[in-house]
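Consider the two complexes below, in which subunit A is the common component and subunit B and subunit C are the respective partners.
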Partner chain A sequence: MKKRLTALAALALTCATPALADLNIPNLSYRTGPFAAGGIPYADGFNDYFTLLNERDGGIGGEKVVVTECETAYNTEKGVECYEATKGNGALVYNPLSTGITYQLIPKVSVDKIPLYTPGYGRTSAANGKIFEWVFNYPANYWDGASDIVNYLLTENGGDLKGKKIALVYHNSAYGKEPIPTLTALKEKHGFELIEIPVDSPGQEQKSQWLQIRRDKPDYVLMWGWGVMNAVAIQEAANINYPMENFIGVWWSGSENDVLPAGDAANGYKSLAMHGSGSDYPVYADLQKYVVEAGKASGAGDQVGTVLYSRGMYAAMVISEAIRKTQEMTGHAAITAVELRDGFEALEITEARMAELGLPNFGQPFAASCADHGGPGQAMIQQWDAAAKKWNLITPFIAPDDEVIQPLVDADSAAFAAENNIAERCN
Partner chain B sequence: MPDEILYAAEAGLNGLMAGVLYALVALGFVLIFKASGIFNYAQGVLALFAALTLVGFQNGQVPFAHLINAIFGTQIHEFGWHLPAVVAILLTGAVMVLLAILIERLILKHLVNQAPIILFMATIGLAYFLEGFGDIMWGADIKKLDVGLPQGISDTVESVTDSLFGYGFFIDRLDIVATVVAALLVLSLTLFSQFTKYGRALRAVADDHQAALSVGISLRFIWVMVWSIAGIVALVAGVMWGAKSGVQFSLSLIALKALPVLMLGGFTSIPGAIVGGLIIGMGEKLFEFFVGPMIGGATENWFAYVLALLFLVFRPQGLFGERIIERV
Partner chain C sequence: MFYREAGDFKTRYVDDSQTFPIRFDRWRYYAVLAVAFGVVPFLINDYWANAVFVPFLIYAIAAIGLNILTGYCGQVSLGTGGFMAVGAYACYKLMTAFPEVSILIHVLLAGGITALVGVLFGLPSLRIKGFYLAVATLAAQFFLVWLFNKVPWFYNYSASGQINAPERTIFGQAVTGAATTPAAKYLFCLVILFSLAWLARNLTRGTIGRKWMAIRDMDIAAEIIGVNPLTTKLSAFAVSSFYIGVAGALFFAVYLGAAEVGEAFGIQKSFLVLFMVIIGGLGSIFGSFAGAAFLVLMPVLLKNLLVGTLGWPTDLAAHIELMIVGGLIVLFLIVEPHGLAQLWRVAKEKLRLWPFPH
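Let's look at the complex of A and B:
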């Protein structure tokens, strides 16, 4: 009996664990809990892109990709548990879609030597590869985003924001507080007034915050929200008749989920976009053919082309390109996590390559390096058309103010290095 | 009148309105606790489930569509109809009654005479089951709830206060509707429990289970009835909160807003839930207005609990709770 049980357990383990020769990419996703509506399309886009590569191209460099999902429910403790449970299977890279989980994983991946890819979220100063060897957050981070919005407002106001009032409505968490140092520095540079308005998670009730906005009458309201907070904020802004065109969210406050509940009242709301969205890119024809129609879609296939689906797909595309680069550098297909770090650092994504991948003009081209893990930090502004139920891009990519951001990145990463006794690399 | 006083009055008034919404959630807890001594952890999820079902019916969504499509390879999502709000609300009410019958048959019936903690644990299980069941049945995407409720600033209140004080107050029209609905709900519940046979039976069970059983009142029927009423109250709360944020899974967290209300108002008093909601709502908004800016804001979530704890120091049974005296 004991022998049978042991054999059964061994069989179960063999079935549950991806073969070590595959490219194993854990997906720390959240399909349950209060943030599921954002987690599901992102996870679907991430999984479907790798399924496409497996089905159409036979994997990457002939090596199949195995994506193992682990449910975090956007909970930091569960995220760490997922990391511990999956890292032993030869995990190549992590992408947890949570700033809280990212903060907890940074010291762990540094010890385990596994890259952590956090596009547009996580710890901003991880853009400094001299200190954060294993973390990558290109093409843009929160501080870039804050500066992109301010630069957009500068162009809207003839280059002068002096005397303007800008309110920041933010999720009262590590994530929501990220843009504050940049906005504080930019406030001093451009002479605008910054009003900080925190909203406790999850953000179902925001009456006090929007009464304050009604009293203070800011010229612009910026939002760093996630989940239900976004939808409630947009509804409350509409309730107080705040002009939607002056309300701008970060890229995590700019999905269909955020605007649809408010209906027509959300018309004109703006947000950052670090990539395109919609199904007009050639890659979607392949996704439809090899993934959705073949019945291999990660979810119900109803999220294809939405903003967050596109973002998950974009993250998967960047990871797959880093894997390809690593295979090219090492000369073998079955790469390791340590080798992948070099691939991430040598990665260059040009417009020509994105067009080849079926994503022309989708994201900003960038070239990483040992020191630069953050990319160019550019983002576009998109505006919601409630009648057509679609986002329209209304600006080209806007560059951030590196003169302000780089010293902040250097100071924050230097403090992290001092706290953790990390020597600068890439010299 | 100084601006600060006007702003504070506006914050306080909005707090009262928010309190009504908290009270709507708390009412469901009170009804079940009063009749069966169970602290129903699943009350927030009941509100979510009710709102999901309502939107599903209204939009003609096929329940379990994802599951059906995955098993049979079909592509069905909608029936192709759009039900009027009233019909969808009535159908959802029926589903909540059916759910109450199932809860009694499958869970409560088997736990008669068990310790309250066992019943509490069962409701935790129920909460997680219902959340997952709702997800499989209706999908996890955010849904717009449109039952024709008005939203946005009340122009009448704004113009009247502007002419009186020189500053137009903001009151959300949805909050006004919620207040009227809550008042009607409390009135109906009071009339039901005071003047109907079943209401008297309910009160008898609440007073003493054993004595009620001994005079022939069916405990199982009363449980079905009270869970049905709590389900309908959850539907009302789900509609009001869902109209603000869309119907999404975070709706279940509105239960957290009801806990300080229950601590303050007592677990066994319907007026307590209302008064508790009003005190918590106004207290947290005024605290945020006066003290929030000095300490970085976002005080409401924790201050509601501080306020409830302060009340507990002086009245452990809550404002309207029954005083428990156990003699040795």
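Let's look at the complex of A and C:
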């Protein structure tokens, strides 16, 4: 007991509170553990974009942005600790880059009244703003992604997938299980066969799964993987000589870190892309000038322009635009989290605005509304060129099948509303 | 000077056999209780509750549970994570199936269900010992996690396989769900921990605890003097699993609020609780508290020190933190293989003589 009390006293001394910032944005990142390969570039992109705004424009609307980083190691317990540790400093929005942590935070942010922005991950049915007041997941979510891939396969096969075998290799967690309801519904609609192949976290061991794929010979393999699991899966696919062009990952399974370890064998691997990548966009000139060359880059500074770096930057860009929108709406620069929620809901990103920000033809334009927190959900397909070490976009934006997804979103969010006694908004 | 027995007269047998026979010890115990029940709830905020106190209280329950089995009865178990998952899923199923019943009853029932499962997996202990039993319980760990992942009935067919704790109240105060106040969370866990620790302390001092220890020290000799290994080992498994089940239920319902079996109750949880028991001290209730405090507080403390105070990059701090905690564990085990509880015992002996050691 005595030991415990001494420890507590010491803890109290070390709980130094950071200075209250004008615009405080916590970054629940992970730079350690089996998912660090994905966490590091994303966190770097996220931090660097805000550093750019601070250095080039003096913040947003004259207010500096302070990004407080907190290491979660993709672990939900640490994620909760980080959330509690950072929310007291006037945190404006959370972006934990983990579906597991998102599930933890959804009830908490609704009580604490802080927006939660989960682009391309998290709880899919949060797209229904009528139920999920504080959560935003535009421009696309997992169910959109699953439908985008199936629509792509439909065009590849002349509109008919009857009798085709499609395997889903997924991370056996909330994240990996997300697309299953959509794929099951699409299976009914298009008459293909779905084989579900779970891979236990973290996914370094996948021999038996790929043995099953070799035996079943599916026409296509879809993958919902993350971290070390992606690289292992692509290597295993190469080992059994699975045709790479029939192997398609979600946007979280399509970064350089996933394909580089397999070398030339990864050539032709495809994945979804919800935005462009590479450093050909004008914004990178500014990033280079104000952030990298000034020695202010986050982390090791070696991730600039990679797929996940671009995604972190994209998330930061959307958040900064929401802040700008809120500042316009309220007329003052030092906004609160509650005001920011209204900004997120009124946010509209147009192609013209993206070009103005130095990201022409980078992402899809979208407009949120009270009911729609999910965006259009389109994605492109990118393919890996192992010789050039480059992702090439091979399709334009593909639209998801809303006819199938909307009823699923409505049903899942209605179940959540019933469990938690939430009344529908926006009526 | 402290812990003196001089002048501490005992006139009844009851005085002699009480838990804390030394007066100073007793007052210290009352003082800790008074602070825990009377002061902390008024000062606690979200951060302290969710990052420090609630995980500490819950892990302490789990550590006491494992200590009963491993420390007192000598049966090594690596299935703690799996048994916590049984508690969590039992609690979830009960909470959603019978929303009108009090959450306290659900938590205790979840413990009861875990006890049954624990007895089932404890059956092999009658035939196998030591490392072989550890492997058998390891199988329980993997089987249970697989089961809760595989069978959608356990997670009410939710799309993601996650379980979410709906709001439940006691005396009109929410104790689960997002609207729970930190004090309510803390007090709910504290009351359960206090009752269970009190029960464990008294169980281990009585006949049943002596039987467990007899089996631990030498099972053949114990059998010869009339200790029935069947009932003794299985009762240890049942009581231990009950505690672990309650800890699992609280871990899910009160602490996390949403859980996913592979991540929240994986093999690393089994090892974490086992480390708590080993570092705290095998066969000691105080040791369970000390071990839980060490492994819950140390990482939080280091993180705050390295990132909050010294301003290190988060990745460097996270790596250094692992190294420091690992190093401290090794150091503690070299300096005192019997754990923090033994350090405490030695300190008490020294304090009894202090300042005149000779």
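Throughout what follows, the second predicted complex is superposed on the first by the 406 of 427 C-alpha atoms of A that agree within 3 Å, B and C clash if a C-alpha of one lies under 4 Å from a C-alpha of the other, contacts with A are read in each partner's own complex, and residues count from 1 in each chain.
Basically, contacts are C-beta pairs under 8 Å (C-beta built on N, C-alpha and C of every residue); 3 or more make two chains touch, one makes a residue touch a chain.
Small disclaimer: the values here were computed from a predicted structure and weren't measured.
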Subunit C versus subunit B on the shared subunit A, clash or fit after superposition: clash
Partner chain in contact with A:Lys217 - subunit B first, subunit C second, else both or neither: neither
First, second, both or neither for A:Lys162, with subunit B first and subunit C second: neither
Subunit B versus subunit C as contact partner of A:Gln235, first or second or both or neither: first
First, second, both or neither for A:Asn172, with subunit B first and subunit C second: both
Contacts of A:Arg31 with subunit B and subunit C, given as first, second, both or neither: both
A:Gly227 touches, of subunit B and subunit C: first, second, both or neither? first
Greater residue coverage of subunit A in the superposed arrangement, subunit B or subunit C: C
First (subunit B), second (subunit C), both or neither touched by A:Pro198: both
Residue range of subunit B overlapping subunit C upon superposition on chain A, of 9-17, 63-71 or 117-125: 117-125
Subunit B/subunit C common contact set on subunit A: 31-32, 36, 40, 172, 198, 200, 299
Complex contacts: residues of subunit A adjacent to subunit B: 31-37, 40, 172, 196-200, 202, 204-205, 207-209, 211, 214-215, 227-228, 231-232, 235, 238-241, 257, 260-263, 265, 295, 299-300, 302-303
Subunit C-touching residues of subunit A, taken from the complex the two chains share: 1, 3-4, 7-8, 10-11, 14-16, 18, 29, 31-32, 36, 40, 69-71, 73, 75-77, 80-81, 84-85, 87-88, 99-100, 103-104, 106-108, 110-111, 123-125, 172-175, 177-178, 180-181, 198, 200-201, 299, 412, 415, 419-421
Subunit B - residues contacting subunit A, complex: 7, 10-11, 14-15, 17-18, 65-66, 69, 73, 77, 131-132, 135, 139-146, 151-153, 170, 172, 241, 244-246, 248-254, 257, 284-285, 288-289, 292, 296-298, 300-301
List of subunit C residues in touch with subunit A within their complex: 28, 32, 45-47, 50-52, 55, 96, 149, 158-162, 164, 166-167, 177-179, 255-260, 262-264, 266, 286, 289-290, 293-294, 297-298, 300-301, 303-305, 307-309, 313-315, 317-319, 322, 340, 344
